[in-house]
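Below are two complexes that have chain A in common, paired first with chain B and then with chain C.
Right after this comes the complex of A and B.
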C-alpha cells in the first residue's frame, strides 16, 4: 500500500480503516451491519486535534500502523475474578476457556445470527465504533431472560496480545430481560503494543438491575479506544464502575441514554495515569424521559508527565421533567509535570430538573503530607497513601469483594510505578 | 536532649521567633505558655520539620546533633514527636494502615524489631484503651469525622505506640472536657521517664494540674521572656501576660 508523502495522519487512518473494512466484507447474517458501517466510514473524516472532542488527544501513536495488522499473539490468562468466566483473545471468543451459568444465554457475533436492531451506527456515533461494526466478525452477547436473577458475577476477560503494532476489535453486549439481575465484570488485559478497539453495550430492560465493572489495567505500551453505550429502560437500575490505567493512548467514550422514565444510572470511575501515559474520557449522559436519575463520580490521578482529560456532558431533553443529574470529577495531580483538562457541560432544555456538576483539580494536601511524615512515614510512601486515600472512597463502595481485592493492589501498583513509556 | 540557641525563624517571610533559647534535659517536662501569636506553635512545628517554617539563624540541637536540615520523617525516626494542635483528617486511609506505615518505618529506622500484624493490632488496641478510644476508631479514616477530643486522644494513642524521646504537645488540652483532659494527661504521664522529655504548649494552667511541669516558660514576641517553676503558671493564671509583655491585658 502506498503512502503519499505528507499525507495527514487522519487521512492515513481513514484509508487504513477502509482497507480493513473492505477486507472483512463477507456474506453472512452480519453483512448489512458491516456494509452500513463501511458506508458511514467512507463519508466520515477521522478526527484530528482540530475537532473539539479530540482537542487534547492525538492519534499519533496509531501512526505505527496498528490498523494494518491484526493481533495474533497469546498471553497467559490472569487469575479469574469470578466463578464463571468468558474469554476472548484478540477479539475472538474462546469457548474452551469459557464457562457460563445455565441461566444466561450466549450469542456470538460471528455471522451466524443478525445483530439486534438496537445496535445501530447512530447509537455508536464515532468512527472507531463504526470501524468495529464494519469489521464485525466475533464477539459476545449475554442475555438474561425475564425475571431471572443471576446470583454470581460473570467475568468477561478480553485479552489482546502481539509483539508488534497490531489491532483487535472486541464486541460485547449485555442484555437484561425484564426484572432480571446480573453482575458482569468486563476486564481488559493486554501485552505488547496492541490497540484494542472495543465496543460494549449494556441494555437493561424495564425493572432490571445491572452491576457492571469495566476494569482496564492494560500494559503501558498498549492502546485502547473504547466505546461504552448504556441504555437503562423504564425503572431499571444500572451501576457501572470503571477503573482505568493510563497507557500509550486511552480513549474512553461513554454514552448513556436514559430514554424511559424511572431509569437510574450510577456511573463511577477511577483513572490513574503515570509515566507519559494518556487517558481521555468523553462522557455523555442523555436524559430523554421524565423522572430519570443519574449520578456520576469520577476521580482522576496523574503523576510524572501523564496527561488526563475528562469531558462530562449532561444533556436533559425538553420532555425530561423531574430529572435528577449529578456529575463530579475530582482530580489529584501528584507531580508538577502531570496535566489534567476537565470540563463539565450541561445542556438543559426544561425547568423542572435538579442538576449539579463540579470539578476540582488539586495537589496533595501539604498539611496531610506533613502529618504523615511527622509520624515517620517516608515522603514517597506518604504520597502513595494520600493518593490511595483519594480514590479509596470509590473502591470501598464497590459491592463485589473480588473486584475490591483485585483493585487495591492494582491501585497500589499504579501509584508506585512510574514506568516510562517509549 | 534539646538545645535551642538564639533561634530566629520566619514563616512566609515574617520573623516569628526572634532569638529563642531553650534547654530541655532528659526526664524533664517543660510547659511553654504565652499569648496568641507569640510563636508557640511555630516553635513546635519547626522542631517537627514543617517546611513552611524556615530557620533564619541560630541552632537546634537534638541529642547534640543539628536537626534543622533533617526531613520530618528523619526527625520522627530520631525520636521527635509532635502531637498536633489540629490533627489532619485523611479520608480513605484507615487509622490502622496509617499506624502500620508509621511504625514500620520508624521501628526499622530505630533498629527495633518489626511488629507483625497481630502484634500491631494488639498494641494499637492496648494504646486505644489507655486513652479511652474505642478500638473501632482504628478502622476509620485517620481523624475522619472524629470530635475534637477524639482527635487529641488519637494523637496521644499514636504517641504511646511510637514511644518518642521528645514529645511536643501543641495545645493538646484545647477542646477537651475535664474527663478527656484527665485521660490524655494519664496517657502522657505514662510516658514520663528519665530518658524522655516532654514540651507542652498550652494556654491554660489546668493542664499543668494533671501533667506537672518541672519548668514553665513564657513565650512572647518570639522570645522566652521568663522562666520559672510550676508556680509561674499559677501566677500567669492570676495576672495574665501583661505584666511581662508590658502591654495592658485583662487578668484572668
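Right after this comes the complex of A and C.
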C-alpha cells in the first residue's frame, strides 16, 4: 500500500486504477476497448463525497489497497440453483465447472474475439465500469438465437476469494435474439476482503423476454461495486430482480435504457443491511422512445449501524410520448442507529406521460408486533415474521421456486437481530 | 362564463405590473467592493458592529464558489454590473411619514393595487412597501405599536431596537450560509423587521410589497420576524418589477424565529417580471428563506411563484424544539422560458416534530420546473412525522418537470411518506368542461385552479383571490 502523504483518496484510487489498467494492456483483439477505457480513466476524476452520485458513500474502505492486488483465493462451490451453470472464480472463467444447454452459445472475450460495438464507454459512464473495460480479460457473453425458448434457467456463479485486500473484475453479457426467451440467475459469492467490480449487460432484441436475477449475498467483509446495464428493445420484456446484502461497501449502479417503443421493464429489489454494512443503490431508468413502460419496487431494511442509500431516477426524454413509469421505495429501520437516505427522482421533458413515485420510511408496526407478542410469539420471531411480511409481495411474485428457496433462509438470517432482543 | 372584456384581457394579458416609473433616484454606480458595502452602511447610519458584520459577509462571499447544483441554466452573473443601492431621490432626506411620500410613488402602488393609503385599506392589512432599496412607508404603525407589535423597516429597527437586531440577525441564516445569502448579508439595503411580544396575537395581517424599479439594480432585502413565546403573526409578501430587457438580480434573505409556542404564517405571491416569450430579461430570484421552530412552535410557508426568469428558493424550517410543526405549501408556475428550482427543507431535530409538504408545479411553454426538497430526521427526532406530496402538471410537449426529493432518516420511530406524480391535464376533465360549453383556455384555467386548491386554501383571502387571478393570466396561451 503506497500512500503519499496528504494525497486525497480519490487521487490515490485513480493512480492505482491507472497503474492496473496499464499493467493489463496487451496486444489482442480487445486492445482498442482497453485503450479507450484507459483514455477515459485518465480524464476522469474518481468520485469523492462531494460528487452528487457519491454523496452518501465513501470509498474509504478501498484505502486498504484493493486495487493493487488481484484476488487469487479459492472458494468452495455452493449448491447449484439451476441445472446449467457457468462458473467464474476471481473473474476467471472455469470451463471444467461449467455447462450450458445446447441452444445457448457462449462467447468468451479472452482476447480472441472483439467486443461488440454496443459496449460503448458511454453506456457505462462510471470510472469503475471503465476500469472493468480497461482490465478486460475474461468477459462472457451468453447468446440466445432468434425464436429460441430456453426452458431451464441458467445460473452464472461468480466467486471471489482472498484473505487479504484484493480485487477481481467480472464481465457478463446476455444477448437475446428476436422472440427468444431466457432466465438467467446471476449469483455472487465472496469470502475475505475482496472487491468485486462487476459489469453486467442485458440486451433483449425485439419481442424477446428475459428474466434476470442478481443475487448478492457476499460475506460482510467483502466489497462489491456493480454496474448493470439493461437495454430492452422494441416490444421486449425484461424483468430483473435484485437481492442484496450489505457488506463493507456495496454500490449498485443500474442503468436501464428503453430506447425503442413497446419495451417493458420491471425492476424489483430487496436490500438488507445489518451490522456496520453499507448499501448504495443508484438506479436510472431512461425512457427514450414513445410508449414504453417501466415499473420499479425496491424494499430496504436496515438494522444496527447499517447505512442504506437509494437513488431512483426516472428520466423521460422529449420524444417519449405515452410513457408510463412508476417507482416505489419502501424502507424499514429495524433498530436505532441505522440510517436510510433515499431520493426518488423524476426528470421529465414531455407532457404525455404518467409518472409517479412513492417513498416511505418507518419501523415495524408496534400494533402488529404487540399482536404477535400477545399470541405468545417471541419478540425476535415476531420481528422476523413482520420483516418477511414486508418483503413477501416481492418474493411471492418470483417465478423461479429455486431462487425463493435460496432467498428465504438468507433473509431469515438477515432479519435476525445480532444482539438479544429486549 | 367569462365576458368578452375579460377574455380580451386574458388574451392580451401580458405582464400587468411591467410599467416603468419615471422617478428620479439616487443610484450607486454598478460594481461591488468594500467601499460599496461601507457606502450602504453609512447611508443608513449603521452602527460599527453591523458594518463589520457586513464586511465579514462580503469577505466570505469573495471566497465562495457560485453554486452549480441547481437545475438551472443561465449565463454567469456579473456582480460588478449591478448597482447595489438605489433609492427614489425624494426619500433621501427627511422623515418618512406617509403624507410626505412622493405622490408619483404612491400612484405606482395604486397601479399595482396595493392598499397603501390607510383609508383604502382592505380589512386592515399593514403594509411595509420596499421600493428598490428603501422602505417607503409603513402603514398602521401606531395601531400595531399599541398591541406591542413592532413592524418597521429593518434599517430603522437597527437604530430603534438594536438589541433585538443584534440578538437575532443572522441566527437563522448565518452570513456564510450560501453564496447568495452571503451577498445579501454584505449589501442588504432594507427589508422589514417584525417583533411580536409574548402571548400577543398580531391584530392584523402584516404585509410587505417589494418592487424593483431602477434599471440595472439588484434588490437585496432582508426580513427578520421574531415571534416571542405564544404569539401569532401572519405575514404576506408580494413582489413585482418593471419589464426590462436585461436581467435583474434579486437576492433576499428571510429569517423567521418562532420561540416556544409561537406561530408564524408566511405567505408569498411572487410575480417578478419573468422575461418575454423569448426569455429576454426578467428577474433572477435567488432567495434564502428559513425559520427556526422552538418547542411547540409552528411555521407555515405558503408560496405562489409565477414570476421571475429564474427562481431559486427553498423556504425551510428547522424543527429544533419538541412538538414543533413545519408546513410548506407551494404553487410554482413556469411558462415561456422561465426556470424554477424550488422546494423546501424540513430538518427534524426535536421529538414529535411534524412536517407537511404540499408542492404543485405547473410547467408550460418551454419552461422548466423543479421541486427540490430535503426531509431529514435526526437520531433525536423520536416519533417525528413527515408527509410530502408533490405533483406536477405539464402543459405542452416542450416543457419539463423534475422532482428531486432528498429523504434522510436516522431514527426508526420517525415516519416519512413521500408521493409524487407527473401528468398532463386529463383529457376526461377537458372533455367534461368542453361539453359544458367552456372554452379551452378557461377549462385549463379551471382545472389548474383545482389542481392548486390545496395550496390556495392556505393563503389569506385577498391573496388567494390575487393568486387565482395571477394564474389565470399567466396561463394565457398555454393551451395548444
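In this section, the second predicted complex is superposed on the first by the 413 of 422 C-alpha atoms of A that agree within 3 Å, B and C clash if a C-alpha of one lies under 4 Å from a C-alpha of the other, contacts with A are read in each partner's own complex, and residues count from 1 in each chain.
The rule is short, and it goes like this: contacts are C-beta pairs under 8 Å (C-beta built on N, C-alpha and C of every residue); 3 or more make two chains touch, one makes a residue touch a chain.
Source: prediction; values computed, not measured.
In this overlay on chain A, chain B fits alongside chain C without clashing.
Annotation for chain A, partner touching more residues between chain B and chain C: C. Applying the stated contact rule after C-alpha superposition, one finds that A:370 touches chain B and leaves chain C untouched. Of the two partner chains, chain C is the only one touched by A:321; chain B is not. Using the contact criterion defined above for the overlaid structures, shared-chain residue A:393 touches chain B, although it does not reach chain C. Within the superposed three-chain model, A:351 lies in touch with chain C and out of touch with chain B [touch as defined at top].
In the superposed pair of complexes, A:379 makes contact with chain B only, with no contact to chain C. Once both structures are fitted on chain A, no C-alpha atom of chain B lies closer than 13 Å to one of chain C. Counting contacts by the rule stated earlier, no residue of chain A appears in both its interface with chain B and its interface with chain C. Chain A contributes residues 52, 318, 321, 331-363 to its touches with chain C in the complex. Listed in rising order, the residues of chain B touching chain A in the complex are 48-51, 71-73, 75-77, 81-82, 84, 87-88, 90-93, 97-98, 101-103, 105-106, 109, 141, 158, 162. Here chain C touches chain A in the complex through residues 69, 377, 379, 392, 394-424, going by the rule given at the top. Against chain B, the residues of chain A that register as touching in their complex are 365-368, 370-379, 381-382, 385-386, 388-393, 396.
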